[in-house]
Each structure stands twice: as structure tokens, then as C-alpha cells.
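One chain, chain A, links the two complexes that follow: it is found with chain B in the first and with chain C in the second.
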Partner chain A sequence: MGGAVDYIQFVFMPQVFNGLTIGVAVILMALGLTIIFGLLDVINMAHGEFYALGAYLGITLASHGVGFWLLLIAVPLVLLPLGYGSDRLLIQRVFHQKDRHMLTLLLTFGLAIIMEDMFKLAYGPNTIRPETPISGGTELFGNFFPSYRLFLMVFGTVTIAAVWLVVHRTRYGSMVRAAAFDKHMASSLGVPVGKVYSATFAFGVALAGLSGVLLAPIYSVFPTMGKDFILMAFAVVIVGGLGNIKGVVFAGLLLTQVQAISSLYISPVWADPLVFAIMVLVLMVRPQGILGGKLGHA
Partner chain B sequence: MDTLNPPLSILQAVRRRDHIAHNAWQVFAFLFIGLALAFTLVAAPSGDTFYFRLATEALIYSGLAMSVDLLLGFTGLLSLGQALFFGLGAYTSALVLKHVGPSFWTAMAVTLLVSTAVGIVGGFIAIRARGVYFALITFGMAQVVSKIVYNTRELGASDGIMGIPVIQANFLLFKVDTAQAPAFFLTVLAMTMGLYFCIAYLLRTPFGRTLGAVRNNECRVPFLGYNPQLYKMLAYVLAADMAAFSGALYPMLRGFVSPELMYFAVSGDAVITVVIGGLGTLIGAIYGSVILTGLKSAIGTYTGHYQIVIGVLFMLSVIAFPKGLMGYLSPLVEKWLAGRRENP
Partner chain C sequence: MRNRCWKTFCLTFAALACFAAYGDASEPIKIGVVTPLTGTYTGIGQQVKWGLELAAKEINASGGIIGRKVDLLYEDEEANPLVATQKAEKLFQVSKVDFLTGTVNSASTLAVGQLAERNNKLIATTVSFSDAITGEKCSPNVFRVNAKAGMQSAALAEWLAKEKPGAHVFYLGPDYEMGRSTVAAFKSAAEKKGAKSTGEVFAPLGNKDYSPFFGQIRAAHASVLYTSVAGNDTVRLFTQMAEYGIRQHLTVVGASGTVTSQNIGAIGKVADGYVTGVGYSPEIDTSENRKFVAAFRGMHKADPDLYGADSYGLLYFYKAAVEKAKSTDTEKVRTAMRGIKWSTPQGMKEMRAGDHQAIQDMYAVKVVDGKFKIIGKVRGNTAIGPDTCQRF
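And then the complex of A and B:
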């Protein structure tokens, strides 16, 4: 009996906790993806690179003496105009063509290639490990938890709640939802749909950058970090239902827990295929995602 | 006008235009063979191997690009993970050559068997999804498999498989040594162009027409009595075989295989190749591959950061020249062919 309790306390719990911290960051990133898809119908293949850009920007700003707390605001603020410009200059150019799904996917893919090589050019191909901004740990239920991970969980949860509030309780959010529901009707009611599109792309990209800053001390920073992370974000977005905010939170927690707990029993190498298998299964059985309901329709 | 029974002249006109477009592509195919032979004649006496191996690599990647074009240009399925089958072919052929026996034909036969089997499994997973979901699933499958290969010690893990023996490919009348760069180049040229002519022919049969129908309007296809899922499956497996076929040639050229062959960069390059060369032309994939491989090598001598240039070129191509190289060149040849027919 005591063995089982010890097992839960010292093996199971830390793993669940690790899963939660990663889950919160994945959700932040996937939220951006899902909002962009829900409104613009664009699969942003460069989302992982914007995540990496956030991490690299964090390193650059930190080396100029910007404190970690300021980074959490500064990096998303820098990414906002970049995202806005990307949408204006690239996506909106092909947005009104017939096969825009394909074209926007290809364009963001091209953007991803360029960004990845830019990182190599500017920062070199090697891994950079920023130092943990909050050192030390906290003891909870007899377990030692790194303080930074605890902070990440709390901060991430607050941000996720804030995103939900922005989308569902602000004027900008209602414009986004209106444009997602019926862009022609929204436009005739005076919603500046074009600007809302670009602002939303910028918003999603800023979220990716924020999760880049947050995860950099845990995963360290390297040029292909976006590619390694994007599959998980895609899986979360698909399992949760493309364009569904609650779905992303639910699926993000579910999949990261599956990944964390399964790696106790099987080699971590097989955790990724397991997550992917869940994604494929959901696509087969419920293509609209577990919770269903797109942005603006729920 | 009676739309159900259009006058014969319209049908004839459509058929003729289609015929001329096809002929224009054939002209480019023969032009390519001519250019490749001219290149061999010029370069062979100099004893060069670097450019022959580079050109062989371009041809090998063109087979992969053709498989992407078969899916995207002719069936409307964007595969972001075609490197999965390219790498599968390369690994299978490498394992056969190293552990079973240095036989060219055994390697090719085993590769095609394996890729057909894996293609059926992959197709079963992927073709249920439509549009962007298909793209994401193929992307995910390739990511997952490449990660598994990367972590499997029996497959050489991150190092891949090295020391693949040089082989003598037996063509009954003569033998080709894969270490002889010009001879192997000509062999790969013959195989790639053979593959091209087979697929180009296949696309003009009722099977190919049905793929076109699936691309244009999948929902209508069942009403005409065809099963779109079946045709998508066949296209997917065929594309898997094409990619694996060209992948199987890779270890014969380079003497090693590594997990990088399955990475997204390879799948992505194939998509870039097809878009730059001209989507839905098939021959564009071959020209695109030569352009991309050449560009990479040329820029690579100055800087390692050629992806920036390729990415910019690709985005420009998507925004400003969506028809690709062949999409702009082939109408010129078509005009010439049509003029020649009218005034013989």
C-alpha cells in the first residue's frame, strides 16, 4: 500500500506536473494557430518559426539588459507588427483566390524556410540555453518542483484566461467572431474585416512568440525548435477542433498528459507516435474535433 | 445550345487542345533528354564526377517531385510528407544491397513491394482526410516515422547506414557500374524519363482522367459511378511507389542513407520543385528539380544560407508566377505546334 502511495507521489505526480507545464505552453501556441485558422482559414506553417522567433528575440533583448519580466511584454509587442505585416504583405495577396487554403499554406511554408535560415544566419546553428529567470524550487506535497515551472503554469493559465476574455468579452473579440461567422455580413455592419484579419494573425503570432519566451529556459533555443514543436501544436488544434478555443485547452491538457504519463511506461521515443495516433483517430472518427464547434459558431 | 450534347466540334476542339498541351510537354521531355545527352558528351571526356553526381541527384529528386505532382497537380492532394516514401525506398534499397546481396534488380523489386505495402497502410490513414487535413496528416506521418528511424539503433539511428557497396546493375546486354558517374547518370536518366513517360501515358488513360475529376470536383465523382476514395488510394500508392523508386537509387549514388532523407526539408523541397517547375505538368517537376538542385549548389558555393534565396524565390513564384516555369513556357510551344498543324 505504502509502495503505491510512494509511486503516485514520487513517480506519477512529478510527471503529471511536468506534463502540465508543457501543456500550458503548448496551449498558448496552439491558441494562436486555432484562432488564425478559425478566422482566416489559414494553416500557418510558420507558426513554429514565430515561436522560435519569440525565443531568439528574448535572448537578444535579454543580452541588452532587458529583464525577464519586461520580455514577457516586449516580445509579443515586437511580434505584433511583424505578424500584421506578414498578413498584409503575404497572405492577403492570395486570400481572394479560389484555392487559398493551399496557397496560404504554401506561402507560410515559404516564410518558415526563410525564417529558419535567418535564425541560423543571425544566431548560428548551435543550441543556446538561456539561464532560468527564476531559480530554486518549491516543495509541494513532499515533492520538489522547480519554481520556474510553477511560475510558467500560473502565468500561462492567466494568459489563456485572458485570451478567452479577449475573444469572448471584448469589442475586438466580437468583431473576430462576427467575421468568422459571416465575413460579408460583418463587413456590411461596419466591421473592418481586412484589419481584423491582420490583427488576428498578429495576435496569434504574438501568442506563439510568448510561448517561445516562456519555454526557452526549459527546452533551450535552436533554429529548428519550431519544427520539433509544431506537430504537437497541430495535433492539439486538430483534436480540439480547428478554430475551437475550449477544444484547444482540453486537447492540449489531454495530449501533453498522454505524452508525459506514457513516457513512464514506454520509451519517450514512442510518445510522439502515440500522440499522432490519437490525432489520426480523432480525424477519422470526429473530423470536427472532440468538442466541435468553430470560432464564431459556438 | 444543347449543353448535354455539345456539338462534336467543341469536343473535338477540347480534345485537340488537350492533345496539343500533351505534345508540348512531350517536346520539353525530349528537349530535356537532348540537353542531358549533350551535357554527357561535353562533360564525360573531362573525367568530371562532381557535376555528374549532382545531375544524377537532381534526376533522383525529380522522381520524388513527380510523385508530389501526381498527388497535388493531378489529384488535388497536397502531400507534405512525401519524403517518407523517398526515405523508405532509400533505406530498403540500402539494407538489401548491404545485407541481402549487391543486386540492382533485387533492391528495386523489394523496394517496390515494401513501398506498396506501406503506401496502402499510409493511404488508409491519409486519404480519409481532405484538403489541409490531408496535408497535416502526411506531414505528421513523415515526422513520426523519421523520428522513429532517428531513434532506432538497428537502422543506424542518427548516423544512418553507411558503407553501401558499389554494385553492377545488370541490363542483360551490358552492365553499369554505379561508381562510374557518367554511366550511372545515363542509367538514372533512362529510368527517370521512363518513369515520366509511363506516368504521362497513365494520366491520359481513363484512370488519369478520373484523377482529374477527383481534383476538380470530388463530390460529383460518385454521381458518375466512380469511387473517389478508391482513385485517391490508387494515386497515393502509385505516388508512394514513384517516390520509393527514386529513393532506392539514392544509396547507389551516395553510398549512404541517413534519417535526413525523410525530414520535412526533403518533402518541402519536392513541393517547392513542383511549384517552381509548374504544377500539373509532370515535366515541370523534372525541370524544377534541375533548377533547384543547381541553384542550391551554385548559391552553396558562396554561402550556406541558400534556403533564404530558395524561400524568397518560392514565395515569389506562389504570389506572382503560380503556373510555374512550364505553365508559362508550354503555351509558347503549344502555339507553335498549333500553327504547324494548321499550315503544314
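And then the complex of A and C:
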């Protein structure tokens, strides 16, 4: 009996909590991806590298004396024009061609490879680890919860809510949704569709950069870090429904909990295939995603 | 047309090679080095190259081997067994090397070993850990001058038994060949010395978050954690352990590739207290080693690690054997290598005739202020374990 209580208290409960913090991290990554996907219909293969860019920018700025809290604002601000420019100079060039799915996929994939190599050249191949900005933790029910992870959950939740508000409750958000619903109609009604596209890409990229700064103290920084969350984030976007913010939150929590709890009972190596099996099932049974509805259609 | 060109080229080359083979004694001895010069293991390949270059320079300056200079011919292995065999084939067939070394990946060493048998040449590894190379998959053409995984485990288990008798150990390894074999090797070594195993978990290679396993470690009431994760995975594991404050209650020990000069900078303070078993440390306090470390620093502006030291020692092993055989003939050199004793930065090593595994003293080292300090030593004869090679 004592064993069972021990198990729930020290193994099961922390597992759910750890699953939650990883869930918030994955949702932050998937948010930017789903917005870009839902509106522009572009699969941004370089999303992970923008996440890495955010982390590396954070390290550079921190070495010039910028404090961690300021980084949470500064890094997304630097990435906004970079994202805007990438869309204008690269993606819009091929966006209007017939086979744009293939072209944008290849283009962003190429961008990802170039960025990864640039990180290697600029920062070297070895891992860099920023110090955790909040150390210590809280003891709850005999378990230890690191303060930084608690902060990450709160900050992540606030960010997710803010993104939802921007997309669903602001003028910019309604333009985004209008352009996603019918770009020709939106354009003829005076919505500057091209600019909205670029701004949305920039917004998604800035979100990836913010995740990079937030997660660097836990997961450390190295050139190939962009590949870390990207597969999981894609799975979340597909299961949640393309461009659907609520869907991303739902699928993000679901898949990371499946991953965390299943790894208690099966080899952790099989937790990933399980998650992707769910993704394949969703694609077969409900290809529009569990919560369905493309951005602008809900 | 291209085909004919190729044939002419080959014929010319073969003719030249014939002349080379019957060349006079002043022809250099050619040693092929198939080692990773790019990719994940670049850092290891660098040390292999540095160690060999220093030894070649010293040997050539003092008259070479049986009056012949040593020539090192490099090929990039890319830590890929397929590439390694292609490059080794090229060195055997085209460059006609007398001897070959440098392979890092254990699978590369095994594959190149088979190739060496077909070409009737000898090879030696200075890096590969897998016990199989001088165990169940041993080859009459393959020698190992570095310590195998089992010897590292033996040194660590010995230290653990002395410091924490009857410790409760939890094992955490990366889920592939290296991770599973290192955990199995240490587990059996530690259990023989009285440690109790309380559980094990294998995380995927490149795992992001280790915190999901901390509950299991805690519920297992372990006092020692053995791990064989490597590279970035180690950085994350140690960071996250510090984050959750579980280092205070745990002694963390592990494989020699877990904390290295490549990742110790990123791990930082939380690496302190980590203990591992190795066959070399620049700290070894003997006159041979001090001389070697000084020469190495002078030539390469960096400290040698175990790979650099063992690769340096390898050329002296080959020199001793060729001088004893008075020839570079495969058959004669092999006979000479068996049971030979030679001097290395780690002291005298002996090549065990039965399985071609070098016998050497092993050390337990601990990270103190970001540097490895020697805290224990196990005699070579105790560490090496029984000869399990059946093939020769």
C-alpha cells in the first residue's frame, strides 16, 4: 500500500507535472507554426531554426549585459523585422507560383540548413548553456518543483492566451482571419493582404524566438537544437487542426501527456512512435484535426 | 574511353606499387590513419591525429623504425563504418600501407578488422571501447592498445565498492548499442563488488527532458546514479538534475565518454563530483607522462586526452614490434606483437597474446572545479578480466 502511495506521489504526479511543462514548451513552438500554416498555407521548415536563432540571440545579448527579463521582449522585437524580411524577400517570391507548396517547403528547408550552419560558424559546434534565471523551487506534497518550470508554465499560459486574443479579438487578427478565409475578397475590401502575410510570418517567427529564449536554460543551446521540438510541434499542429489555436493547446497537452505517462510503462523510446501513431490515426479518421476548422473558418 | 583510361591508370599504379614493395630499406613505412576528421567525432579524430603526429615526429627525429621513416596517410572516416571500410580498402590496395589505425566508432573497427583479414594486414584501434573487439568478435589481425569498456567499468566499480560499499545503484543509458552495453558491463562489475541494482531506464538518443525519469530514480531510493549518456544529452541531464535539486542526494558516476573536454564547459559547476573510470589522465604523475604532456602542449597548444595519449603510445607499440621482428611482414609483426611490453605515457603496457587486448593500469577520476583529478587506481591485471577470445 505504501508502495502504491509512494508511486503516485513520487512517480506519477511529477510525471504529469513534467509533461505539463514540456507541453507548454511544445505549444509555444506549435503556435507560430500553426498560425503561419493556417494563414499562409506555408509549411515553415525553418521554424525550429528560428527557435534556435532566438536562443543564440539571447546568448549574444546576455553577454552584452542584457538581463534575462529584458530578453523576453528584446529577442522577439529583433526577430519581427527578420521574419518580415524573410517573408518579403524569400517566401513571397515563390508564393504565387502554381506549385507553391513544394517550392515554399524546399525554400524554408534550405533556409533551415543555411541557418544551422551559420550557428556552427558563429558560435562553434559545442553546447552553450545559459544559467537558469530563477533558481530554487517549491516543495509541494513532498515533491520538488523547480521555480523556473513553474514560471515557464505561467508565462507560457499567458503568452498563449495573448496570442489567442490577438488573433480573435483585435483588428489585426480579424484581417488575418479574413485573409485566411478568402484572400481575394479580403484584398478587394481593402485588406493589405501581402503585408498581413508578412506580418503574420514575422509574428510566428517572433514566437519561435521567444520560445528559444524561454527554453534555453532548461534544454541548452547548440546548432542542431532546431530539430528538437519541430517534429513534435508538427504532430501537435496536425492533430489540433491547421491554424486552430485552441486545437494546438488541446493537442499539445494531450500528446505530451501521452508521451510522459506512457514512458512510465513502455520504453521511453517507444513514446515517440506512439505520439506519431496518434497523428497518423487523426490524419486517417479526421484529417482536419480533432478540433477541426481552419483559421478564419471557425 | 574512360574505362580504358582507368585501366591504364590502374596498371601503371600496380607497376609502381610493385616497385615500391621491392624498394630498398630507406623507403618510408606507411601507416594508414582512417579517423573522423569531420562530423560528430571530429574532436576525437583531432586527438588521434595529434597523438600520432607527435610520436611520428619523435620517432623520425631519432632515426625512424629499423632505419625507415614513418609516413602517416590520413583518410576521413566520418565515424561511419561504410565510409571507413572504403577508405581502408583504398589505403590497403592503392597506397599499400604497412599498418592501419585511427578508427573510432566500434563498428568501424570491427568492419575494418574483417577487411584487414582479407588483405592480410594488421590494424590497431586506439579509441574503440566495445568489449566485443577483443572478445567474441576478436580477430587475429586486430589489436587494441586502449582500455576496453569492461576495464573502465572495473576501475569505477572498484572505487565505488571502496567508497560506498553496498550502494543502491540506478542506471540511465541512451537506448542504443553503446548505452545498453556500457550499462550491462558496469552493472555486472558493480554487482560483483556488492552493489545493489535498483532499476534502469534507457532514454532515446538526443532526449530533451530527463525530468520524467527523476521520479523513478527517487522512488527507487538509489544513492548512486550510473549514466552513459554523451554529448548534449549529458549537458541536459546534469542541468535538469541541478534544476530539480537531485544531485545533493546522489553520487553520479558514469562512462568515460559522458563528461569530456567538449561538453564540460557547458555543464559547468554541476559537473563537479562526477566520477568515471579511464585509462589515462594528463594528471598521471610520472616522468614519462610529464614529458609527454609538455611535448604535446608544445606541438598542439592543447592538453592530450586519453585518445591522444593512446594514439601516441600506438606508434611506439608498432615500433617495438617491428624492431623485434626486424621486418614489416604481417606474419612476423603479429608474432612479435603478441605478449610484447612497451613504454607509454601511462607506463608499461603489455599486449595480451590471447585476445590482443593491451593490459594497463586504470584510474578512477573525479571532476573537481571543472578538472579531472585522479582518486583511485586499479592494477592492469585486475581490471582486464578473463580472455574470452575464441578465434585464435
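In this text, the second predicted complex is superposed on the first by the 295 of 298 C-alpha atoms of A that agree within 3 Å, B and C clash if a C-alpha of one lies under 4 Å from a C-alpha of the other, contacts with A are read in each partner's own complex, and residues count from 1 in each chain.
We adopt the following convention: a contact is a pair of C-beta atoms (placed from the backbone, for glycine too) under 8 Å apart; a residue touches a chain by one contact, two chains touch by 3 or more.
From a predicted model like this one, the values you see are computed outputs, not experimental measurements.
Novice: Overlaying on chain A: chain B and chain C, fit or clash?
Specialist: clash
Novice: Classify the contacts of A:272 with the two partner chains as first (chain B alone), second (chain C alone), both, or neither.
Specialist: In the superposition, A:272 contacts both chain B and chain C.
Novice: Between chain B and chain C, whom does A:220 touch in the aligned arrangement: first, second, both, or neither?
Specialist: Once the two structures are laid over each other on A, A:220 reaches chain C alone.
Novice: Looking at A:251 after the superposition, I want to know if it touches chain B, chain C, both of them or none. Which is it: first, second, both, neither?
Specialist: In the superposition, A:251 touches no partner, neither chain B nor chain C.
Novice: A:146 in the overlay: touching chain B, chain C, both, or neither? Say first, second, both or neither.
Specialist: second
Novice: Check whether A:18 is in contact with chain B, with chain C, with both or with neither, and answer first, second, both or neither.
Specialist: Second partner only, chain C.
Novice: In the overlay, answer first, second, both or neither for which of chain B and chain C A:126 touches.
Specialist: second
Novice: On the A-aligned overlay, A:103 touches which partner chain: chain B = first, chain C = second, or both, or neither?
Specialist: first
Novice: Which of these chain B stretches, 3-11, 21-29 or 39-47, gets into chain C when the structures are overlaid?
Specialist: Given the superposition on chain A, chain B and chain C clash at 39-47.
Novice: Is there a shared patch on chain A that both chain B and chain C touch, and which residues make it up?
Specialist: Shared contact residues on chain A: 267, 269, 272.
Novice: Give every residue of chain C touching chain A within the complex, in rising order.
Specialist: For chain C paired with chain A, touching residues are 42, 175, 201-204, 206-209, 211-216, 218-219, 231-232, 235-236, 239-240, 243-246, 262-263, 265-268.
Novice: Considering the complex alone, what residue numbers of chain A touch chain B?
Specialist: 43, 90, 93-94, 101-103, 105-107, 109-111, 113-114, 116-118, 120-121, 227, 231, 234-235, 238, 267, 269-270, 272-273, 276, 279-280, 283-284, 287
Novice: For the complex, give me every residue of chain A touching chain C.
Specialist: The contact residues of chain A facing chain C are 6-7, 10-15, 18-19, 21-22, 125-129, 132, 137, 144, 146, 148-149, 217-220, 222, 228-229, 260, 263-264, 267-269, 272.
Novice: In the complex of these two chains, what residues of chain B are touching chain A?
Specialist: The contact residues of chain B facing chain A are 78, 80, 125, 128-129, 131-133, 135-137, 139-141, 143-144, 147-148, 151, 264, 268, 271-272, 275, 304-308, 310-312, 314-315, 318-319, 322.
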